[in-house]
Structure formats: C-alpha cells, structure tokens
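To keep things simple, chains are lettered A, B, C and D as they appear, and every chain counts its residues starting from 1.
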Amino acid sequence: MNLLSEREWLAYREKNKDRARMLISCPDRAGIVAAVSNFLFQQGANIVQSDQYTTDPETGRFFMRIEFDLVNLKERFEAIKAEFAQVADSFGMDWSLVEANKRKKVALFVSKEDHCLLELLWRWKSGELHADISIVISNHPDMKETVESFGIPYRCIPVTKENKPQAEQAQLEAAAGVDLIVLARYMQILSPRFLADYHMRIINIHHSFLPAFVGAKPYEQAYRRGVKLIGATAHYVTEELDAGPIIEQDVQRVTHQEDVEALKQLGRQVERTVLARAVRWHLEDRVLVYGNKTIVFP
Amino acid sequence: MNLLSEREWLAYREKNKDRARMLISCPDRAGIVAAVSNFLFQQGANIVQSDQYTTDPETGRFFMRIEFDLVNLKERFEAIKAEFAQVADSFGMDWSLVEANKRKKVALFVSKEDHCLLELLWRWKSGELHADISIVISNHPDMKETVESFGIPYRCIPVTKENKPQAEQAQLEAAAGVDLIVLARYMQILSPRFLADYHMRIINIHHSFLPAFVGAKPYEQAYRRGVKLIGATAHYVTEELDAGPIIEQDVQRVTHQEDVEALKQLGRQVERTVLARAVRWHLEDRVLVYGNKTIVFP
Amino acid sequence: MNLLSEREWLAYREKNKDRARMLISCPDRAGIVAAVSNFLFQQGANIVQSDQYTTDPETGRFFMRIEFDLVNLKERFEAIKAEFAQVADSFGMDWSLVEANKRKKVALFVSKEDHCLLELLWRWKSGELHADISIVISNHPDMKETVESFGIPYRCIPVTKENKPQAEQAQLEAAAGVDLIVLARYMQILSPRFLADYHMRIINIHHSFLPAFVGAKPYEQAYRRGVKLIGATAHYVTEELDAGPIIEQDVQRVTHQEDVEALKQLGRQVERTVLARAVRWHLEDRVLVYGNKTIVFP
Amino acid sequence: MNLLSEREWLAYREKNKDRARMLISCPDRAGIVAAVSNFLFQQGANIVQSDQYTTDPETGRFFMRIEFDLVNLKERFEAIKAEFAQVADSFGMDWSLVEANKRKKVALFVSKEDHCLLELLWRWKSGELHADISIVISNHPDMKETVESFGIPYRCIPVTKENKPQAEQAQLEAAAGVDLIVLARYMQILSPRFLADYHMRIINIHHSFLPAFVGAKPYEQAYRRGVKLIGATAHYVTEELDAGPIIEQDVQRVTHQEDVEALKQLGRQVERTVLARAVRWHLEDRVLVYGNKTIVFP
C-alpha cells in the first residue's frame, strides 16, 4: 500500500539530496543579507529560493528562509554549521540549518473524529507530506484498524481526570523523538509541562467563526446568529487555550439552509484542508514564529 | 450626471411595472403553499420566483418570498392586500406585499471615511441599487462636496456628548419618511429610542476577524496575532452593539507582510463589497428576520 | 470498517422515512404551483422545502423541486404517482418522484489516479453520500486493494483500441442496474452507445483554467502562460467532449512559484472537492438539466 | 477634492524619500545574491524587502526585486546606477533602479463603460495608487464631466476604420511621456506600431470564464452553458489578442438564477477589482515579465 509514496519519496529525495534550508531571525541591521549570501557563495552553494521579511525597517526584527543546493551536502553538513555559527554570532541570530531530504518524525494525536486524521494519512500516502508518521496516539481505540491499515503503529492511551499526569507521561514516551505533534481533533488540553517539551512544535486545528462565539456549543451559537461564513484556524499550541500563533485559516460560505449538523459537516471540510496546509508548511520549514504571530513563506 | 441611472431605472420600471413581492412568515403547517398559490392563481397572477424555508419540519416556522406578475398591479394593489388579509389571518401570518417598481427611500449616515459611501453612490448611479437616496447625514462636513456632486442633499449634524438627544432628533427629522438607514461607517452609537423607530431597518457594517478581537484597536490586535484572514459583517442594528442579525459576511486573505495600515486598507475593500450586497438584498426584499438571524433569499 | 456510516445512515433513514422529492420541468404558465401544492395538501403532505426557477417569465420553462413529508409514504408511493400523473399531464410536465431514503446505486470508474476515488470513498464512509457504491471499475488493477478494503467490489477491465466495444460491454454488464456512473479520473472516452444508456447520469471531472488551454498538456500551457487561478469542472457527459452541462466549478489561487508538478497537485485538490459536491447534489436530486445547462438547487 | 490624496501622498513621500527598488533578471548562477547584497551593503543601504525566484535551479533564469533605504538617495541616485552597472554587466543582468517616491505617469483609455475607470479614479483619490493620472483618453465624449470633476484632463479622440492611424497618432501625442497606459474597458484594438512604443507597459482587463468561450457574446454563451464561475483577467497587451502575460485573475460565483444582464453586472465587479490590483502592482514595480508570463512579488 506504500509503493506510491515510496517511489515519489525516492524521486523527491534524489532531487533534493544536496538541498538545505536555513532559517534566520535576528535584530535588523544593514549587512545581514550580504553576510549570509557571501558565506553561502564561498561554500559554493547555489541559492534556490530566498524569502525575507522585516517587521519594521527602523527598529525591527529580520527573518529569512533560504533554500540552497550544495554538492556533497551530507558530508559537509556539520562543518558548514560550525562555520556559519561565527557569522550568526556576530548578528545575534537565532538560526537553524536542515537537510531538505531528512524527513521529520511526526506523532498524530486523535480522539474519535477521523476527518483530520484521514486527510493527513491520505496526503502522506500520496507523497504530499514529506514526513515519517511515527505513531498515532489516541485516548480511544476507534481508529486502530484504520491507522494500522496504513502501516502506522496505533497506541491507545485512555485519559481521565485522575490519570492525566500518568497518561501524558505515557504519551511523551510513546512519542519520544518526534519532531512534531499534530493534534488532529484531539479534544484534550495538554499540560504546561507537556507543552514545554514541544515549544512551537505542536499544531492544533479548531473551528473559527466571524465573530467568535465564546462558550459551549459554538456551532449552535453560530446557527442561532445566522452566520454566513464558518472557518477553521490551525495554530501552534501555547498555554493560553486556542490563542497561539496562527499558521493558517480559511472559511466556507454557508446560508440559513444549513442546520447545525450541516454546519458541522462543512466545518470538518474546512478543518481538514486548513490543518493539512499548516502541517505541510511546518514540515517544509516555511513557518517562523515571532512573539505570538507567524511569518509564513509559502 | 444622472442620465444613465435614470435610463436604466426607466427600463427596470417598465419591465417590473406589474411585479409584486410578497413576504410571509408564520408557524409551519400543511397547506400554506397551497393557500397562497391558490390565492394568487385566482387573482390571475403568474409566479415568477418563489423561495421558502422552514426552520424545522415538525414544530418550526415557515418563511416565504414570492415574486409574481399581475396585470394592472397598481390599480388592484390595495384590493389584493385587503383580500389576502383573510388568508393571512387564518394562518397567523406576518406578511407584507410590495410593488417591485416602487423605490425605497434611503438615508445614508457617514462620519469621515468615504469608502462605503462612495461604493453605494457609485452602485446607485450605475443603476444597481433601486432606491432613492433621500439624504446623506454626517456628523462632519467632509463629504459635502462629494455627495452634492451626485445631486443628493447633504446634512451635517455635529454630535457631541452633550447634544446627543437633540442631534438624534435633528437626524430623525432630516431622515423623516425614509424606509432604510444605512450606517456607511457612521461611528456613533444610536440610542434605543432611535433604534425603535427603525426596527430591522438600519444596516451597519463593521470589520470582522477570526477570531474576534474584543476591545480597542482590533486591527492592531489582529496584526499582532498574525491573522491570515480579515473580514467584514453587515448586520441589522439592535440594542446589543454589533450583535444584530447578520445579513452578509466576507473575508480577504492577508499575510504577515501587511502592516496595520495595509490591513485597514484591505478591510475597507471588504467592507464596501459586503455592505453593498447587504443593502441591495434589503432593497429587493430578500432578507427576512427571525429571532437574531436572517433568512436571505438571494 | 463500516459501522460509522451504517449508524449515520440508519439515523438519516429514520429521519427521512416519510420524505419524498418531486422534480418538475414544464412550460411556464399561471397555476402550476397552485396545482402542485393543492395536490400535495390534499394528500396530507407537508412541504419541507421548495425551490423553483423560471427561465423567462413570459415564454419560458418552469423548474421545481419539492421535498415533502407524508405519513406512510412507502405504502402510498405508487398510488400517489398514479394520481399525480393526471396533474402532470395537464401541464405537460416532465417529472419524477423519489423516496428520499432510497439509496441510489453508483458505479465509480477510475484509471490510475486515486485522489477523486479516495475522496468519494471517504465521504461515503463518513455518511455524507447517501448512496450504495455497487462497484468500482477500472482499466488498471492498481486500486484493487484500496477499494476492497472499503468492502466494495473492484472489477478490472483493460481497455485497448482493439477491444473497446467488448470492454464497454463488459463495463455495462458489471455496472448493470446502477443509477449513476461517476468518472473519477477515468481517462477513457465513452462511446455514444454507452452514453445513450446513461443519459445525464454520468458525471465527469476535469481541470479548468481561465482561459481554457486547448490541446495537449494543459498544465504545462497554463504554467507557461503564468495563470493565477487553476480550477476544475464537474459536468454531465455528453457526446461533445467535456462540453456537457456544468454541475459545479471551483478554483484555487496559484503563483509563479508553483511549478507544473505543484499546479497538478493543487489541481487534484480542487478536482476532488468539486467532484464530491457535484455527486452529492446529484444523489440528493438537486440538479435539473435543461438544454446544455443545469439548474442546481443546493 | 484632492486634499485627501495630497496629504496621504505627502506622508507616503516623506516615509519613502530614501527608498529605492531594484529589479533584476539574469541567467541563474551562484553568487548573484552575494554580489548584489554586497554592493548595497557597501553603499550603506538597508534592505527592507527582497523577493527572488528562479525558474529552474539548474539552467534557469533568476529574478529579484529588492527594496532598500539609502540616506540621501536622490543626490546619490545617478552615481549608484553607474556603479551598479559594472556588477550588472558581469552577470548579464537586465535591471532597473527606481525611486519609490517618484510617481509614475499614467494614461487611462476608456470607451463608454465607466466601472473600471471609476474604480481607478476612486483608488487614486483615496491614495492607494501612487501615480499621476496625466490624462484620460476616450473615443467617446461620455465620461468627460466625470473625469474633469477629479481635476484630470479628458481628451476625446473618435476612432473610425478610416482614421485609425491618425487617431492613434493623436492618442500617442496626447499620452506623450506617460509610463503606463491602462485600457480600462477601451474596446479598440491597438496597432502593433502603438504597442511597440509601450512594450509591457499597457495593461488590459477582460472577462474570463472556465472554460473560455470563443467568439461573439461570451456572456450569452456562458449563460447557455450554465457556468458556475465568471472571472476577469488583467494582462499586458501584446500583438496576439488577449494572450499577453497575465498579471492577475479572479472569479465570482454565480448560479442559474443570474440572467445575462446579472452575469455582466457581476463580471463588471470582478473586472474593476482585478484591474485595480494589477495596476497597483505594476505601479509598485512588483511585476516582472519573462517570456509570456509574469512573476508577481505582491
């Protein structure tokens, strides 16, 4: 069942075997681009794509994402990192360098709803998400068969009020070593301790409306107000519930004809699209975080 | 400067001289459609368009909008209304009957921003809004020249904390006899007494975000949160601020590149489109209100 | 693997057990709505939803879709059809009456691409498509395992230039008795004889651009022209290739950054969404055809 | 009537007085970004924004747009251009350097339809289009009063089959010195000689459909086919009619309810939005042309 993505992955891997991505964030000042591009030129790299953004020309912060090709990248990777550290220090950079063909490891967390899970599995299988899905973790057994049919391990860890710390400990162990956790409609709140381990590496999806409806049963509230748009927001999870940096949003038009069930169904369609886009951008290192917002270079 | 819209209006008027619109809302039960369509058939009317909606098949409320053509409508209008009243009574209907070629009278309220005002004037002049714009009322003198160049009276009524009751009285007198008030970025809150005179006949436009940002400077908040969509909502004005029945909403995609000024500029584009659509639907009797929501038959 | 959709289907079935849908198309004249609604009222039916459209008030054609509830529908179904035939005859109606909880039988035709197939299977499994998928027919063996994992029979019928008539015969036999054929990226042209058996009951999906690109490799052409939107069109299949009545269309924004592969990938996303919507509307009897266009009552 | 845009323009001018934009296109090879950014760093420039795109990493073409701030830009402008020419030569660059606060001169060509004209005038007056509208040229007198009320000269040059060369000569003289010509629904075809003078400096807007409808009366054709989307395309004008590089496109949803007139009205809404965006991007030097496509850095 995995032949397709394997083949596509191999083609992608061959095409990207010498490609690296550098992410930079630092106080803005003249000379950053010159310093970085000189460094890469001296290494013999060819810049394939470069995006940058400055929050404010005068006093602001500078963000950059560079993709470049470099012969024998794998062998030279550590040496280049060590050398670039000197450039980075002189500008006070937060930075990272990743190999484009190194797949990130992902754990998916789900509860009982399958629409976001299936969308991610489907895109992963079709070769659109360049990642290893290491494990799917759920507080319910419902998705076990579906997930295992994709050849992915499934771990059911029930969560109750009483066992929450132990359950989280079990989750952390089951997900040990992953680069990203995706809450694909995982309806539990994670503790600050859990979040600390995965700072800006947990993506959540939730419904969104204009305006927002605070409190229980938001779809019922939206129906009673007669909203004309329903939407979804994918964001990094922070301690303040549903208030972390937004990665992607989208909406779907509705009318008075849609009852609450129909609104929820359309909401699920928006959620799976928005979450898939956000996860993909994260996996391709297209998302930088600054304060409580993201800079996305799509 | 008015030749174009005059000509278009005359063509529209000729085409619609025998057309009427009936709006109905009543408790749902079997036989409503039969009773209404029999009545119209016996009058010799030809149904041109008919839309209906039932909130819930079992215990719900029934809504209907019918457009029909009837020879010599003008002469027979009052007689038909009197006769239909008997049908309506037997079903406990809220209902109205209007002549399609009778232009509604509209007053526009503005402050200093001109984007919504100009959009409405432009669409009115191009023949898209079948209405008489009786007057533009503002608490500032800024738009006087622009408005008068369209041949429309402009009345400046300054509003302060102290003179608010008197100012509202002056506004009500200046707008006397209008069927609809459009708050085209009129930044003042209207008193309950004012609202009572124009129940579900005042349309407002305001910015909207996913999620909503409560408090001052919403665009600044939206910018700091890095929203990916900004939107606008057109709604009927009720006593609870910005919480009346929604008529129309739309959004515009944005990125981290837009600064606060750019977000506001894009917000203005969405606002003028959304408001123009809402006003048009109201003028064409396409909007029914039930509880705090609208049924729109576009 | 089918428990979810079974449960949802049972709930839907219970809710809709007395619901019928009537589709009508006839020359417009006064009295149609009265006659139909009287008939239903006398039968004791309660109209749940009703949509109508007239091509032109003077000389045009009238279209109507009515949903109604009627106690003991199943038992009275044939009798009601016989009685309504008299009303229908007097207006020269094309009409049909269907039970809402009678699932249509569907055959899916596919080649090697799986995105449209999987979307339909996914929505079917989640209870969104009220249909029985009787069989999946393909000219390639690739999807066999996937399809059978959904509990649906898979039939591989290779098609060559030489065996095309026999292959089509085998397809017709394999699909015998289905109400709808969906070409979910089935890349073969069907013969006029095949089409005759399924007049306006075959739905196809294909990519669309503004403007259209005639000839081979449309995505390559679109890339070279630098289009900013790519889209998809779902339509009924007629003898003129890709020119049958359009059921649904949508687009996706793109930029110069997308290469041909990325355009195709985005095109696949639009295709699966558009096809799923079109199939659903057809299954719910929301699509009427007139000349070379559709009237869709969504 | 111009006070608002004057004030906004002065603020913009002050903010941008030392800002320049450099556009580059050349064969891709390693070291371009390093060379350009070094040059700017040595001049003391601060890069504010930088976008780049490479058609193909191996053998492709490289495109770049850089915005930078440089103290005393105006005084040093010619010297910098002379110096950069040496860098540019060594890479075989097509390039240009412009001062951000130097307004481009624009001529608008119109016929009888006013929707695109008014949208551009409205945005210009509101300060969104940083340009001088030097003149509006038309083959009809209809818009004279409207245009002159904005303080812009209006020149009526009737065009017939017989006088076309002379008329074009008169147009060229009336538009002498402008940087951009916008065909805001100017329904005449320009001669190759005219186009040669304004290579990739004439923007046209026209309706677009999926699929395209070739031949006369496209809206009637679209109506008969029952399209669900209508759109508009803004493009540079080349000798092949309506086939020049696309700058921007958008669509609007429609249903069977819209008659031909309503489709045209919605088409006009899309046209004015799309044209305004395209003109703005051109004025801000965000559009590069390569072959028959554009690279847009929005």
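The rule is short, and it goes like this: a contact is a pair of C-beta atoms (placed from the backbone, for glycine too) under 8 Å apart; a residue touches a chain by one contact, two chains touch by 3 or more.
Chain-to-protein mapping (UniProt): A, B, C, D = Formyltetrahydrofolate deformylase.
If you're wondering where the values come from, they're calculated on a predicted model, not measured in any experiment.
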Chains touching both chain A and chain D: B, C
Pair with more cross-chain C-beta pairs in contact, given B-C and C-D: C-D
Shared interface numbering between chain B and chain A [over half = same, under half = different]: same
Chain separated most widely from chain A, comparing mean CA positions: B
Between chain C and chain B, distance of the C-alpha-averaged centres to the nearest whole Å: 36
Gap in Å, rounded to a whole number, between the CA centres of chain D and chain C: 42
Junction residues of chain B, two or more chains touched: 53
Topology of the chain contact graph, where touching chains are joined (line, ring, star, complete, other): complete
Residues of chain C touching chain D in the complex: 53, 208-212, 223-229, 231, 233, 242-243, 245-251, 255-257, 291-296
Partner chain A, residues of chain D touching it in the complex: 28-34, 37-38, 40-41, 44-54, 57, 69
Residues on chain B engaged by chain D in the complex (per definition of touch): 1, 114-115, 118, 122, 126, 128, 145-146, 149, 265, 269, 273
